[in-house]
Amino acid sequence: MSATIFGLLGAALVGIGLFGLLVRRDALLRILAFNLLGGGVFLVFGAVARRGAGAGLPADPVPQAIILTGIVVAFAATTLAVALVLRLAAAKDRG
Amino acid sequence: MTLLVDVFTVLTVAAGIVFFVAGTAGLIRFPDTSSRLHALTKADHLGLGLVVLGLLPRAESLGGVLRLVAIWGLVLASSAAAGPMLARLARRGARGG
Amino acid sequence: MIADLLIVAAIVALALPVVLARSAFTAVALFVAYGLLLAFAWVRLDAVDVALTEAAIGAGLSGVLLLGAARRLAGGPPVEDAPPGKAQVALIGVGCAGLAVALGAVILALPDPAPSLAEPVMANIAAIEVGNPVTAVLMGFRGLDTLLEAAVLVLAVVALWALAPDAAWGAAPGWRQPPATDGPLALLARVLPPIGVVVAVHILWVGADAPGGKFQAAAILAAMWLLPWMAGIAAPPPISRAWLRIVIAAGPVAFILAGFAGSVLQGAFLAYPPGYAKAVIIAVEVVLTASIAVALALLVLGPPAEDRGA
Amino acid sequence: MTEILLGAALLVLATVAAGLVRVLRGPGVADRVMAAQLLGTGGIAVLLLLDAATGIAGLADAALTLALLAAFATVALVRGAPDDGGEPPA
């Protein structure tokens, strides 16, 4: 039950994030929206992991491990995006 | 003995929840930022302290007891530091829109 | 069930205003709250390992990064793109809602019983010699993924530094924080890091058999390293320092060396010798933790900038 | 006893969720930061109660992490707050 509820939340977050990504103009808000989208994808994956419970485990550990690496990689991508936005703003200031 | 522990836990955790509810009510209902800060910082940390106190006798090991106490100590220390900073921020009248 | 719905409602109630917020600061504050709540969703999905990571990275480190950016961008030149028209927004809204509904339908139609790798993981976990199945997957069955991911972090730091202006190359990363020489913040910035280091070591150590591990420990360490910088009482080291670069590279290098040791001793890359698997894994994890912690902190700090005042 | 502790966790979660109203309404920066702090403190209580009720491994450590990181996030929010009193450009 929990798996389905949070899977649906993940789907909703993907929709919300994509909407923000397409509609907002501020670069930082777009980065935030992109993170919401990513969080939604992770939740869908987490729901799949939860449904794969078995062998005495409450959830399938393989998708969970992939989500862990995914969160770290998404964070690295976010830092890079933020740095690009800041560099662009600095370049605009000067020129 | 377990009955005694259970009664103790229920009483302290219930008292803790009362403070959590009071803190949240204050956060929502109080008219200005300073009084809201007052409600939150006092009530919540007392609430968490009571919950921690109630769970202490249920901890399985000395490590568990230490961890519970450390958690409460960390929250107290950080909110003691954050409180004045927040108050200063509120007095500057910063608005986030 | 009630708890699930409560968490879902709260997350949606925060996610929508993040997207619709007028000011960047409000959006980021809401995003931090969203990250904290997402950690509860992970607990409810029986993914405590993920919950720990989400709380540390999603709420903690992302918050610092995005708030710093919001503060530095405030007062900058306005966005030049034309705003989307009403019809366009409505069209995008309908499209996104359609996508969400379609994805929801897919989730409701997932096969039952669900395919799962839990059985093979538990059948072979004895060979990896650790008790936490997620750690077993990360360091054992999917060790190559984790190795590549550690390399991605190094590459991200390199890419970030490549954005530094020529004049600033080799200088200290990040922007200068207004110093807090006394008062509550200065005290917290001095008292919290030692405690945080102990907690990080604890999280790393229990990660072999219980939720926890290198990513969570590294995120905590990075946060504790950043705290004195945020209080303005310590400056980050210049990026030209050799030790900094060695520490960043040490984790992936140690992992690769352990992998080749497996090739020589066991005949397969990343194969651990029986009886020593746990020792090798923990040794690699300790080095990786230091590398990831430094990389995460440097990613939050950003490239060295010419304008150090803003 | 397990049910009582789970019920207590749910109650605290509900009060925390109610506190979110303040994050959404603001109006000031300080109000939003405060509500984030409530989320941290209440969240720790929820995790500890869940830990005592279910004994799922790692929940107490999650609470410990939250205690450290909530402090960190609060400092970040206060330090990053726009301080000119004016509306930063959207």
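A, B, C and D label the chains in the order they appear, each numbered from 1.
Following the convention adopted for this analysis, a residue touches a chain if its C-beta (ideal position, glycine included) is under 8 Å from a C-beta of that chain, and two chains touch if they have at least 3 such contacts.
Which protein is which chain? UniProt says A = Na+/H+ antiporter subunit C; B = Monovalent cation/H(+) antiporter subunit G; D = Multiple resistance and pH regulation protein F.
Bear in mind the structure is a predicted one, so any value in this text is a computation, not a measurement.
If you take subunit B and subunit C together, the chains in touch with both are D. The chain with its Cα centroid farthest from the Cα centroid of subunit A (Na+/H+ antiporter subunit C) is B. Centres computed as Cα averages put subunit B at a distance of 11 Å from subunit D. Computed from the mean C-alpha positions, the centre of subunit C lies at a distance of 19 Å from the centre of subunit D.
In terms of their C-alpha centroids, the spacing between subunit A (Na+/H+ antiporter subunit C) and subunit B amounts to 31 Å. Shared interface positions of subunit C, i.e. residues touching 2 or more other chains, are given as 21-26, 28-29, 46, 49, 70, 76, 185, 188, 192, 195.
Looking at subunit D, one finds that residues 26, 29, 32-33, 35, 40, 56, 61, 64, 68, 70-71, 75, 81-82, 87-88, 90 touch two or more other chains. Of all residues in subunit B, those touching 2 or more other chains are 70, 74, 77-78, 81-82, 85, 96-97, listed in ascending order. Listing the residues of subunit B that touch subunit C in their complex gives 70, 74, 77-78, 80-85, 96-97. The touching residues of subunit C, counted against subunit B in their complex, run 21-23, 25-26, 29, 183-185, 187-188, 191-192, 195. Remark: subunit D residues 1, 4-5, 8, 11-12, 15-16, 18-19, 21-22, 26-35, 37-38, 40-42, 44-45, 48-49, 52, 60-61, 63-64, 67-68, 70-71, 74-75, 78, 81-85, 87-88, 90 touch subunit B in the complex. Across the complex, subunit D meets subunit C through its residues 9-10, 13-14, 17, 20, 23-24, 26, 29, 32-33, 35-36, 39-40, 43, 46-47, 50, 56-59, 61-62, 64-66, 68-73, 75-77, 79-82, 87-90. Those residues of subunit A (Na+/H+ antiporter subunit C) whose C-beta lies close enough to touch subunit C in the complex are 1-20, 22-29, 31-33, 35-36, 39, 42-44, 46-62, 64-69, 71-73, 75-80, 82-87, 89-90, 92-93.
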